[in-house]
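What follows is a structure written as structure tokens; I'll ask about it next.
Chain lettering (A, B, C and D) follows the sequence in which the chains are written, and residue indices restart at 1 in each chain.
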Amino acid sequence: MNIDALSASIVDGLMIGFIYGLAAMGLTLIFGVMRVVNLAHGPVIAVGMFAVLLLAQNLGLNPYLGLVIVMLLGLATGIGMYFIAVHRVIDAPELTTLLATFSVNLMIIGIGTVLFSTSPRALDVSLGSVRTGAVTILGTKLVADLIAVIATVGLYYFLYRTRAGKSVRAVANNRAAAELMGINSTWILALSFGIGIALAMGSGSLLATLFSFTILSGTVYEVKSFVIVVLGGLGNPVGALLGGIVIGLLEGLATISPLPVGWVPVIEFGVFVIILLVRPTGLFGAR
Amino acid sequence: MSALRTPFFWGLLVLLGGVGLLPILNGSDSMREDIFLVLMLVILASSINIIMGYTGYVSFGHIVFFGLGGYVAFYLMLNHQVHFVPAAVVGGIVSSLIAFLLGIPVLRLRGAYFALATIGINEVVRSFVTNFDPFGGATGMFFNYEVYNGYGGSKNALWYAYYAILVVALLCAVSSLLIKKSRFGLGLLAIREDQDAAQVLGIDPARSKVLVYTISAFFPGLAGAIFFFKNGIIEPGPAFDLLRSIEALVMVMLGGYGTVAGPIVGAAVYEQLRAFLITNSTFSSFHLFVAGFLLLLIVLFVTAGLVGWLRQRAPRLRRYLE
Amino acid sequence: MRLLPSRLLLLGISLATLFGAIACAQPSAQPAPTPTVAPKVATSKADTPAARTPAASAPTARKIVIGFTASNTGAQNLPSKKQTEGLQLWLDTVTKAGGIKLKDGTALMPEMKSYDDESKTDRVQALYTKLINEDKVDFLISPYSSGLARAAAVVSEQNGKIMITTGAADDSTMEQGFKNIYQLYAPGSRYLVGAIDLLKDLDPSARKIALIYEKEPFSTSVVQAAQPYARSKGYDVVLFEGYDPGTTDFAPFINKINATAPDAIMGGGHFPDGTTLAKQLYEKKVSVRLVALLVAPPEPTFSEIGDAAEYIVGPSQWEPGVTYSPDAAKAANLPWYGISVKDFVSGYQARFNSTPSYHSAGGYAAGLILQKAIEDSDSTEPAKVKATLDRLNLMTFYGNVQFSIEAKTHGKQVAHDMVYIQWQKDSANKLGTKIVWPPAAKSAGAQLRK
Amino acid sequence: MIALDVQRIESGYGEVQILWGLSLALEEGRLTTIVGANGSGKTTLLRTIMGLIPAWKGSVSFEGRDVTHLSTHKKAQMGLVLVPEARQLFTDMTVLENLEMGATPARARSEYRQTLEWVFDLLPRLKERMNQRAGTLSGGEQQMVAIARGLMSKPKALMFDELSLGLSPVMVMSLFEVIVKLKQQRLTMLLVEQNVQMALAVSDYAYVLSNGRVELEGEAKKVREMEAVRKAYLGL
């Protein structure tokens, strides 16, 4: 194996890993708080992609400024989505919430296809690149990574240092007890869902600055997010970031290994199933 | 086998068989195609219901057995000139066997973890087959058109495929009923309600679950074999299409989870609804949206599905509507 | 419970929709009295003119129905739309001209019948069966994309219907022994042949080619054919690898390519991966002389990736800048038929307010070839039309068209040539596509990457 | 003054009715207890009062206001607080965080510091365990956290469900000491207990529940004397 390719791929894997982690964070947060696997996760990411594209193309907004607006939009959308599709069935068996969020998936894709067609779009952002030896680091990826780290730290701070965040954890831990303590659990659940969707849409915006996309592109990240979330421990936001990095590195290394590239997903999903069977709390799960 | 003496059993047989006979009686090709699709969906939905409705395990990636059965049968037909009936049976058996082996570890997982694992398995198998050259890899496998000459020409082959899917659909529905009405089925329902309590009652949940998972993988395996025989081509994408799997779940929910008739009704209604939506000029571009919206309404407000709802409303009907 | 009324209401809605759906589906439940034996191929409309109401005008007008499915939803939605638009333009043109004229003065007025196939193969099969048996279409045109076209071809063949495939370049479909399927696109095995020739012509010093492809049927078959060709031309295929269709980040894969230090990279897959790959090759400053990618480069939106698009070469079935003309036909000793390139482009522009892509040209050409075959046969009888199609060898705005008549590859396209475009900057530093290959069609010289 | 007034309440789970027109009242500043056999509906009553399960019929008023259909958290914010059965702590959070969550109502938040000091005074062991995860504590310590968490909300009426269940006699003693201290501070309390002897000993007023109905009620001292009660619950 070529040492240049190895070092370059480790760096590339790390770089994309942070972004994968961010993409999975919303999914894991929502699961952690309310045991709902959000099957609309992928389409929501795609909505984030198109939202930032529209802001950039119609209002000439810088994509990174657009990101902030997209996340605020995501918060509102998520809260709305919670009350429309999830609240009524929050205590029903898993299948019900899976199907409820899947129906939202269908609706988003349905509307999205009509509005944007499945034609691929790209956001032309360039922040130059740094090159040392065989390793090239793109400005856009670096910024995206930085934002992913900020988002993770921000989420961590929110959950552990603010009252609202602690209420989220309390509701996640024991909803009835939280109600008994005067915490409006419905609102907290809606808020958590909103934050989860905001994170998903935000990650979509960042992905849009890196790769071209269609309204269906979210699916790829949704499935990858499942893998990452399981790796990091379902419901563990910091685990999601770590899981993302592991997957990024795994992809990077598997790609330059002598194994044909086509086998990378076999390894990826194989790892996913094995982790689920052997250690369902994830590699970094505390419990 | 007292289940075979109930009015429901005969009703099921007459209704499903009757609808299945329609295209045979009037010889309509397009009707045959429509009903073929419905019957295939009935099989997918019913078999998911056998594992999900009776034990509460949500198998999201059940389509993996459809693809596996299809691939195994196709491989035998193409490379070893096996007649499609034995090939399909082998496809079904291989699907069951794999379900058995997978089931032992995977069925220990509960709830969302199990659902995610089944998605993962489907993706592993799909990406494996995409790289697996004996199965044609990414390009898949296809028949030369002359293969159908062995079945009296392609037109006849289509009819054979239709008879086969009808028989499998009937078998699947009857198995679903037999399981539900048997002691074994009662044990499964106990597992669904409370696995730990079921254990106390002397039911071995692990064994029961693996057994029912194995059974539920058999029918999609057969359906896959028949479908791809008729199709003449098999490729990894359409064979392991996760969306098809989720659609089958929707049908189960629509018709009524845990009932025998539910998945059948669900499949028929879903298919009609779709046919209506995509051919209707107002809805055609919005049909995904409308489908999603209707699904949401059902999930939120008619949780028991159509059959479940009827059973709740009119308890007298329960005898006729399992 | 207070929930009951809303539940009842919903059930009512669901049931109403259901009954509506069933009502709509009634025709299929009660088909017209047909004999139990399905209609023979020969029982087409041509034999029962009495069943049609003759138009008032002197030359009798008769409608012929052309059926197909389009992907209004799903992954193939965009190219499928372009293809349908092309076909629509043909239909408009023919209608305006008073239909397809037969020698006895009958004017055949073509009509389209189409459904949404959602880009799904099982749906395609059910819908083509419906088109054939219920809508009683006279001729079929394929849906867009190889996979869907192949599914449709099976049904069409089973029913003995003639189908023109367009938007389907797969080789293997045409090696299944079909007798009634005619392929309009140059097959995938020829997609990269010209690119290899171009490289040879442009940079005789190049030795090493990396062939990469999306792991799905079309792209895989293209590179599988390109590999032996490249070797036969003396190239060293230093990398031959497929990536997963879901791949979004090519950075590690590019490292792997880099490690083999190729002179040219060829392959790719479809649009999203193609654009991302091109963008990342540029960003990672990969030093190869030529990059040829499938599908993505001819799309106008390829330019959204900015400077990364420059120098990228792509094969195309057709481009608005092609130079096919009656003169070119004469030079090639072929008959010329139909609309000129210029009229097609301007007509399309006027009708749909966008530039036609090769999918659009394929759609139009499908109608055009059918029209030509009917005119030459002076009949809509499948056997006669089939015989004409077998003999057909002509040039149109779309280029040369001829079908294989060998039993093993019957109907496969043998004459149509790919053209190769390259994204180049003009004197004003503006990106645009130029046709750079074959030499006979080129509008500019190809450029090597710096 | 009546703090909490429950009138002819009926409720249950699914189709199973548990409470059959039960009425009771909590006097302000007094300690009331409810005793009764397992399955007599004690826990169901508390859950119905708090709105964790809906009341089918009847009414619940708190401080003169009808709160029957008010959501649980709103009742808690008004000062009607339940220390639930089996403690129901936020096991993944620290002791301090649990207490902080207790102080959710606006009234409690402004006096958070003082209340915290008062609670640590009352239950000094919690101060040592402040930064430990609640789930890692012993059963008795967890019960202390549950009580403390309830107190942090500055309740106007505090209800305890099965305070002593599963705890050692020594621990039960010390928890009852806390109850007595709170009683001295004239906090309105409702105690639901299995340990009938102790409950009656510390309470002012008592209700005896049987099959979802109030079988008898009276001053705790008198109830304790009653022959039927002695036989049925005190094993005398």
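Criterion: a residue touches a chain if its C-beta (ideal position, glycine included) is under 8 Å from a C-beta of that chain, and two chains touch if they have at least 3 such contacts.
Since we're looking at a predicted model, the values are computed, not measured.
The chain pair sharing the most C-beta contacts is B-C.
If you average the Cα atoms of subunit A and of subunit D, the two centres end up 43 Å apart. Annotation: 52 Å between the Cα-based centres of subunit B and subunit D.
We define each chain's centre as the mean of its Cα atoms; on that basis subunit A and subunit B are separated by 32 Å. Centre-to-centre spacing of subunit C and subunit D amounts to 75 Å, using the average Cα coordinate of each chain.
Residue positions of subunit D touching 2 or more other chains: there are none.
Each of residues 73, 215, 242, 244 in subunit C touches at least two other chains.
Residue positions of subunit B with contacts to 2 or more other chains are 127, 130-131, 138, 285, 287-288.
Chain pairs that touch one another, listed by label: A-B, A-C, A-D, B-C. The touching residues of subunit A, counted against subunit C in their complex, run 2, 4-5, 8-9, 12-13, 15-16, 110, 113, 117-124, 126, 129, 131, 134, 136, 138, 207, 210-214, 216-217, 220-221, 223-224, 251-253, 255-256, 260-262, 264-265. By the touch criterion stated above, subunit C contacts subunit B in their complex at residues 3, 6-7, 10-11, 13-14, 17-18, 20-22, 24-25, 28-29, 31, 34-38, 72-73, 115-116, 118, 120-122, 125-126, 129-130, 132-134, 147, 150-151, 154, 157-159, 172-173, 175-178, 215-217, 219-221, 224, 242, 244-245.
Within the complex formed with subunit A, the subunit D residues making contact are 50, 52, 71-74, 76-77, 81-82, 84, 88-93, 97, 100-102, 104-105, 149, 153. Those residues of subunit B that touch subunit A in the shared complex are 52, 56, 58, 60, 105-106, 108-109, 111-113, 115-117, 119-121, 123-124, 127-128, 130-131, 138, 246, 249-250, 253, 257, 285-293, 295-296, 299-300, 303.
Here subunit C touches subunit A in the complex through residues 73-78, 81, 215, 241-244, 246, 248-249, 251-253, 255-256, 258-259, 271-272, 275-276, 279, 283-285, 299, 301, 304-306, going by the rule given at the top.
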